[in-house]
Structure formats: structure tokens, C-alpha cells
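Heads up, the next two complexes both have subunit A, just with different partners, subunit B and then subunit C.
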Partner chain A sequence: MHKRNWYLIPYSLWIALFVIAPIVLIVYYSLLGLDGEFTLANYENFFTSTYLTMTLSSFWYAFLITLFSLLIGYPTAYLLTRTKHKQLWLLLIILPTWINLLLKTYAFIGLFSTYGFANQVLEAIGIGRKQILFTDFSFVFVSVYIFIPFMILPIFNALEKLNPSLVDASRDLGASNWTTFRRVIFPLTLDGVKSGAQLVFIPALSLFMITRLIAGNRVITLGTAIEQHFLVTQDWGMGATIAVFLIIAMAIIMALTSTKRKKGVTS
Partner chain B sequence: MKKLVQLFALIFLLSAAILFALDRLNATQGYSGENVLNIYNWGDYIEPELIDQFEKETGIKVVYQTFDSNEAMMTKVEQGGTTYDIAVPSDYAIAKMIDEDLLIPLDQSKIPNVKHIDPRFLDVSFDPGNKYSIPYFWGTVGIVYNRDLIGGDAITSWKDLWKPEYKNQILLADGAREVMGMSLNSLGYSLNETDEAKLQEAKRNLMELTPNIKAIVGDEIKLLLANEEAGIGVVWSGDANEIMSENDKLDYVVPSEGSNVWFDNIVIPKTAKNVEGAHKFIDFMLDPENAAKNTDYVGYSTPNKDALRLLDPEVAEDERFYPGEDVTDKLEVYENLGKEMLAHYNELFLEFKMHSK
Partner chain C sequence: MTKKWKISNLYLILVFVILYAPIVYLSIYSFNSADNMTNFESFTWDWYKEVFQDGRLLIIVLNTLVIALLSAAISTILGVIGAIGIHAVRRKRVETSLLTLNSILIVSPDVIIGASFLIFFTILGIKLGFTSVLLSHIAFSVPIVVIMVLPKLQEMSPTLVDAARDLGASRLDVLTKVILPYITPGIFAGFFTALTYSLDDFAVTFFVTGNGFTTLSVEIYSLARQGISMKINALSTLIFLFTLALVLGYYFLNKRRAERPLVRPEVS
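Moving on to the complex of A and B:
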């Protein structure tokens, strides 16, 4: 028995040093004012209209990003399970995640700029130049582009695990395609959707570089504010306070979307 | 199990080898001693030939390293373990470093060439009497504009930016001091204002500018302006100079209400091992001929009045980058307003950014 516990030591050390200690530090810093004294002023400050609006708008954009990722990701994952060269297609979807986030974002600045590729296309088909860069559209588009592999993969796995005979049975019993999807396929892949939504929504809440590069600071998220407070203002207390609220929000989301294993259901 | 052990051993050996190689590389770079001068400067901010010349003239070996932000530089100096003999921080960073006792006072008797510096740039608020620092380059904050894109009119003042015809044309630099300072200046206040009512007025004033603002961006502003993404940009003069050389439709103006003047000064940080050599280097860089050569290469504005005479008159007489005293009298340095005030500036700036839809 004792021997087995030895194996846990590196892991528990890791958790203690790199998960628990940083969270404790963040909470500690959130209680420090600019003068280094203990205070609750940062928390008071958080409940002013500026930060509350910012929180709401962060949630709104994260919600939009998740929604569009799901709307595009689910059908894509479904189609993927039907293709011949699954592994190849999957690789193509994962490939962009190997490229540095900043590089991809910079590429979009070029594509979306006034004289960029997107506008050349719009002009060629007769719509004419539009402002694309620094709009809500470009922000959500680029974010969805960046996050979508994380939505597709869990859904793809869930669809792969789905026993095809269940679908056949549903058809045999006279269910239409839509009913089959609604009553059989979707409920059975809901776990995949939930973990996909977690993987997209939570990082989307704290996005920051893209808000400046693609949205030109017209979208301000909690992540932007944290970055500002740590790097520019050096008001670590306020930055840490926002981070505390982000951690709480993430914990709530995890709890809400966590999948409870139902007893008796086996795959 | 045996395979696993082998694998671990292999990874361990590889890591050790990399560590050893790194250590050797660092050792060849960071050695220090009597005859070595460690210079810590911004990237691409000195004429490389001058370093060779300095080495030949004095027999001191120069080790040149670069940083990309004042904050990064300060952290390195503060933590110690480095042996920088020379650093080139900006004005507010110098004030901070003096406060935190990170600089060594200069021995003025060893820098006779300081007489070539324009007295306008000596004895400024962040370092009274130049006890710790000597100006290296200077510049302003102003407006870059593209005549073709904004309909031919020249911009002359901050107030012009509020004109309704510049809808969705302006790019701002993402800095609280710069943007708040612009608004304060346009209202006729000092950009170091601390009066709450005036600061609130400046914020409301900024919010009225919202329809004209296309984006608030960082370093990308250079690329965006050069590519004609927007017609107007609020930028530092150094950046302006750089993008104007890429796109000749662009022009730069220091607004008539006044603006910010910034300095990058040479200092000797506490980490210095070769204080004697550092003084020699400062004096060497202040020599008019060397300063002129350096200015030719870097392209920023030199504070050295005798070097200015040696420059191409077209550069030296360019009022945009070498404004006369009537303009410089209206320029202000960003004073160190203290952490509280800086946080407040940032808070106001953040409120403005939230509003800018």
C-alpha cells in the first residue's frame, strides 16, 4: 500500500506547486491595494459599472464564439465520421493549432484589411469594399477559426463511439432523419458537445491579444483588463481580483456542464 | 520497464548536454572584467560602426545586448546577476530607477562633451541637473496623416481630430498616458493634470471622439498606417519617421496645443562593473561627429546641437522632427504621477475604450 503512494508524490507536488499555489497567490494579491496594504477595495471596484459591463460583454462574446463554433463544428464532425480518410481530414483540422496563435492573427490582419484579400473578393463580386477589420464580425470570426478544432474533436469522438445500430433501429422503427437526430444521435453525443463547449467557452472568456489586433480594442474582455493591470498599470491587486472572478466563473461553468455518469448505462 | 529506464536516461542525458551547451554559449557572451563594457540598449538603436570605432580608440571590448521595453530592462537591472555598464531607459523609467536607487550618479568632469547638448534638453524634470542621465535621442507625440485619404486638408492641432468629416479614420496608440494626454492637451490643460474635474472632462471629451476612432492598437499601428488602412494616426515621432519613409503620402505634425516630449537617456545602472569605461563611452557618443553618424543611422532626433550642424540640412531643418523653440516650449515630459494616479489614468482610459463602439 505504501509503495503505491510513492507514485503519487510527483503528481501531488506538481498540483501543489503549479495549481494550488498560484491560485492562493492570486487570491492573496487580489487583497492587496496599490500601496501594498490589505484591503477589499479591489472587490468593491469590481462591482462598479465598468467591470460589470466588461464581464457581461466578455460572457456575451464568449457565448457567441461558442455558439458559432458549435453550429459549424457539429455538422463538420458529423461529416467527418462519414468520410473515407477520417484520419487525414482530422489531421487537417488539427494542423492549424500547431501554428502560433499570434502568427495566425497577424495573417488575418492582412486578409481583412482595407486592401486585403477579403475586400478584393468583395469588390470582384460587385459588393464593394467593406470595413471588416476592427468589427465584431471579424473578432468573432477569427476567434471561431482559432477555437473550432477544440469543438470538433470531442464531438467527433462522441459520434465515433455512437453505436450505428442505434441509428438503424431508430430508422427501422419509422423515425424520420430529424427525429433520429433529435432523439437518438444528439442526446447520445451531448457529452462531446458539453466538453467542446467547455474547451471553447472558457478560453474565449479570457481572450486578449485578438481583442487588440483584430477588434482594435473595440471589444474589451476581462482578459484585456487583466493584461493591462499586470503589464501597464502594475496594479496587480486589481488584475488578480478580475482573475479571481474568472476562476469562479470557470468553476461554475465546469460544474454546470459536468457530465454526471448515470449508473446502469454502459456503452 | 527496462525500456522506460533507458528512455528516461536518454532524455536526461540530452537535457544535460543542452544545458551544458547553453552554459558555454552564455559564458562566451556575458563575461566581464576590466576591459569589457556591457551595453544594454533598445534593438537597432546604435550605428554598429561606432562600436568598432570605440573599441579601437579605447581598447575596451564592447558586449552589446538589447531589450524591447523599459519594464523588461528595469526588471533585469533590479534582479541583479547582470553586469550592464550602460543602459538607455526612457524618461519615466529614469525617474523610477532614480527613486529605486538603481543608478550610479555621473561624474560630469569625465564627460566634457556634454557641452554639445542643446540646453533645452538638459536639466529636465525627471532628472534635475542631469545627475544620472545624458540625453541620447528625443522625440514627440503627434499626428501622422495621409493627405489623400482625408481630403487634402492639413491637420495642425489636436482639436482637428474631432472634426466630423474624419469619421472612422483615426488610429490611436494603445497607451493611457498618450490618449489621455491628447485629450487634456486639446482642452488646453497640462498632460500631467491631476485635478479630478479636468480628468473627467478629458474623458468625456474622448468619448465624443468615439465615432472618429477606427481602432486603438499597439505596434501594428505602423503597418496599418503605411498600408493606408486609416488616414490619421496618433504616434511617437520615431515611429512616424519610420513609416513616412515607407509611404511618402504621409505627413507628421506636432499639434499646436502642445504635446508630449520624450527622451531616451544614457545612464549607468547600479550593476555596472566598468564605471570608468561607461563614462568614456558616454563622452564618445556625445562627440558631434559620432552623434551625427549615429543619428544618420537611427533616424531619431538628436539632442546634440553641434551634431545637428553636421547633418544633411534637409534632415536638420525638418521642423517636424526638429521643431523650433516656439514648439518645444509647449511640450511637456510625462511626469511620474505616482502609482495611484497612473492607475486612475488607466481606469479612465479603460472606460473610454469600453465606450468606443
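Moving on to the complex of A and C:
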């Protein structure tokens, strides 16, 4: 086989231009000050309390969003595997993910507004009207709403792969439902949970549209900060620096949640 | 036992209701004669009329569709070429690093892609607008096409290609008469996904679009920032129905394809 692999030429060109070059440029810009000179000032800046607090709170929100997605998504995925028309139900879960994100977020502006449906319900059951829009709650709620199909899907797939005789065996050996879940089902579907967490956590760190529309400017995520620096204050250097840290965070999360290679060894 | 069954069903139903409630809510109020999402006064088609009479909005819809179709078509071609290229790589290490590079744009958050492309286009001197949006959409759709086509190539028996070569087929014949027909389902899936990626994208477009050019997502965002208008509701309902038709159409098309017995490429 001494023929050249011509197919790789356009593809490699794409990789060089749109994968490698942009990353290099982000790192390059993170080293530039506002005056265009090389400097480490952006990195010094990042380690001041303003940016560190923002990073921490961004992680905290992403953690909350992932946690609630998991708490709601796992039982949903589990119950889905028990239904009769699994594939149809699954399609219904996936369908909303095809709908433009903006539309779903926009709907919540109406639902959560001062006289909106949510407040009408609250009033009817006697709790009374509350400020829902522009709060932490609405931000987490809408984010969970947007991300939950991405949590359900990998868990559903993991549950489908689970050998049911293992569950039966556990029951036969006298384990309670809870023990079976904790010792058999959950550990065996952990890979699904991990990839779900990865699919939710990384985008949750970088959200900026939902923070602007739903949370007002109360919640600032890494994504909001990057958008702010690039498109509003035009401080590309600082924006690129935050982007570098977001990329690092992403790499760490992917390393933590990736189990595919290990799985190959054990099975 | 029946009680437990009921509770679990109730939970599922609740999840589905919450999942669909916002979209239904949005659509219902698009027929509201009052311009708010809280008091339904009376039924009207006015907002839909307004959408169809808004020339600027229709141009934006057209822009969005042109970008989606063009970027999906070009990225499908690039992606198929890439997948065939990766498949032909013999050394495992090269293959793994190519696949890693391929997955970078899939896992990267949109903000990172948008920001880095913005720098990239500015440095190259490409004017922000149609070209930059199209190039970005092609760029982030290519890896997903590769991912969808590659498994098809891997499941294809290499003896098929060998047999074709032995029977005297040229390399072009092998490509157009053996490989491409075999991986067609993967190509369709890739094209369709690229299409929806492009239609759905907001963040990347938001970064690389200049002043003169807008797609629907970006337009809805700027409208929504100004507040609620039932015109957005009407527009949203139309987009929702369009998406529904697209997804269901693809789903049933795929189902029919799967049920159809395998058609040999030579026959056609």
C-alpha cells in the first residue's frame, strides 16, 4: 500500500484552519494586553478575587444544574425503560432538543413573568405572587429544562444495556429494591451518568443566552464573561484568558468523566 | 403493585407535561388578540399576518435557510471525504489523534467556538456577515458528519472493495458504485444533523455575525431582549411546526429505509 491517502488533504486542511488555528489564536490573544503588547497581565487579572469568585459561582451553578438534571433525569430514564413503546417515548423526549433553544427560553419569559402562568398558579393555591424571573431559581430551572434530555439519553442507553438477569439475581439473593439500585443498577449505569454529566456540565459553564434573558444580569457564568469581553467591552485579551481557563476546565471534566477505555478492559 | 405503577406513570406524565408545556403555552398565546402572554382575550390570526407581511423578517428566514442548506451540503461533502480518509489510515495512533482533533469542535462550548472564530476571521480580514457565518456553520458541522459516516464505513466489509477492484473497477468506480451507496444512510443522517445544527445555532452565529446579517436565532434573541411580543410567539409556533415536520419526516423516512430490504448497488 504505497498510494497516498488523498482524502485526508481537504480534511486536514479543515482541522488546521478551524480546529488548531482558533485554539492557537485564543492562547495568543490571552497573552495580549489592551495595547497589543505581550503581557501576563490578563492572567494576573484572572487570579484576582473578582474573576475567581465569578469562576467559582459559575462552577456552583453548573454543579446545581447537573445535579438537578440527574435527580430528575435518572428516574425518568429508568421509568422509560419500563414503558411499552420505549422508542416512541424516547423520541418524545428527544423532540424538544430539536426545537430552537431561543424559543424555549423565550417561552419561560412569559411563563415566569409577574402576571404569567406560574404566578397565576401560585396565587390560586394561596402562596401569592412572587418575583420568579431574574432569580437564581428561574436560571437553574430553565437550564435544567433545556439540558434534561441530554442527561436522560445516555442514562437510558446504559439502562438498556444492563443485563436484567443481574437485577433478578440481586432480588433472588434477598436484596431490597434500594440495595439493588445502589449496589447493582447504579454502579452498572455509572458510565451513562458520567457522559450525561459531561453533556450537561460543560455547556452549563458556558451559557450566556439564558443568563441574559432569564437571570437578568444576576448570574454571571464563564460564558457570559467571555461574551461580555468580546462583544461589549472589546477587551479580547481578557476574554481569551477566560476562554483558556474554560478550555482547561473542559479538559479536566472530560478526563474525569471519560471511562470508555477502562470499560473496554473490564468487559 | 398497581398503585406503584400509577405513581411511576404519573411521574413520567409530569415530566412530559413540563417538557412540552412552554411550547404549547407559547403557541396558544400566539393567537391572543392582546399583546401579552398572560391574558387571553380573543382568538386572532393577526400576529401570523404580521409575520408574513414583515419583509425584513422573511429575508432573515431566507438567510437562515440558505445558510443551513449550504452549510449542511458542504460540510457533508467535507465530512464524507474526511471519514473515508480517516478510515483509510492504517496506523492506529494517527487515527486516534485525528479522531481526537475531530471531536474538539463537538465538545467545545459554543462561546469558545464563537470567540475563537471571531478572532480567526478578524485576523484573516474576512468581513463579518454571510461568509463568516457560513464558514463557521460548515466548520462546526464537519465533525458531526464524520462521526455519523465513520461507523458505516467500519461496518462495511473490506472484501466488497477488494472484489470490486478484482473485477476491474477503477478507484472512482469503487467510490461511486460501492462505498458511497453503502454509506448513504450515514451520509443522510450526517446531512440532517448538520442541517439542524445550523438551524439551531445561536451562540456561534451571535459572535461571528456582523451588523448587516442576521439569522432567526439571533433575531429572536434581540427581539426577546426588548420584551414580549406575540409576533415572536407566532414566529416561534411556525418554527416549531417546521421543526416537527422535519424531524418526523426524517424519522419515518428512516424507518421506511430500514424496513426496505437491502438494495444492491449494482442493480440500480
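List of remarks:
In the analysis below, the second predicted complex is superposed on the first by the 244 of 267 C-alpha atoms of A that agree within 3 Å, B and C clash if a C-alpha of one lies under 4 Å from a C-alpha of the other, contacts with A are read in each partner's own complex, and residues count from 1 in each chain.
The criterion applied here is as follows: a residue touches a chain if its C-beta (ideal position, glycine included) is under 8 Å from a C-beta of that chain, and two chains touch if they have at least 3 such contacts.
Just so it is clear, the structure is predicted and the values come from calculations on it, not from any experiment.
Look at subunit A after the overlay: subunit B and subunit C clash there.
In the superposed pair of complexes, A:Ile15 makes contact with subunit C only, with no contact to subunit B.
By the touch criterion defined above, A:Arg212 reaches both subunit B and subunit C. More residues of subunit A are touched by C (comparison of subunit B with subunit C).
In the superposition on chain A, contact of A:Gly196 is made with neither subunit B nor subunit C.
Within the superposed three-chain model, A:Tyr115 lies in touch with subunit B and with subunit C [touch as defined at top].
Using the contact criterion defined above for the overlaid structures, shared-chain residue A:Pro154 touches neither subunit B nor subunit C, since it reaches no partner. Touch criterion met: A:Trp236 reaches subunit C, while subunit B stays clear of it. The superposed model built on chain A shows that, among 117-125, 135-143 or 225-233, the segment of subunit C colliding with subunit B is 225-233. Within subunit A, the residues touched by subunit B in the first complex and by subunit C in the second are 109, 113, 115, 212-213, 231. By the touch rule above, subunit B contacts subunit A in their complex via residues 71, 168, 171, 174-176, 214-218, 220, 223-224, 227-229, 339-340, 342-343, 346-347, 350-351, 353-354, 356-357.
Residues of subunit A that touch subunit C in their complex: 1, 5-12, 14-15, 17-23, 25-26, 29, 72, 75-76, 79-80, 82-83, 89, 91-93, 95-96, 98-111, 113, 115-117, 120, 145, 148-149, 198, 202-203, 205-206, 208-209, 212-213, 222-223, 226-227, 230-231, 236, 239-240, 243, 246-247, 250, 254. Of all the residues in subunit C, the ones that touch subunit A in their complex are 8-9, 11-12, 15-16, 18-23, 25-26, 29, 36-39, 78, 81-82, 84-86, 88-90, 98, 101-102, 104-105, 107-120, 123, 135, 139, 142, 146, 196, 199-200, 202-203, 206-207, 216-217, 220-221, 224-225, 228, 232-233, 236, 239-240, 243-244, 246-247, 251. Across the interface of their complex, subunit B is touched by residues 34-35, 50, 53-54, 57, 109, 113-115, 131, 133-134, 212-213, 215-218, 220, 225, 228-229, 231-235, 238 of subunit A.
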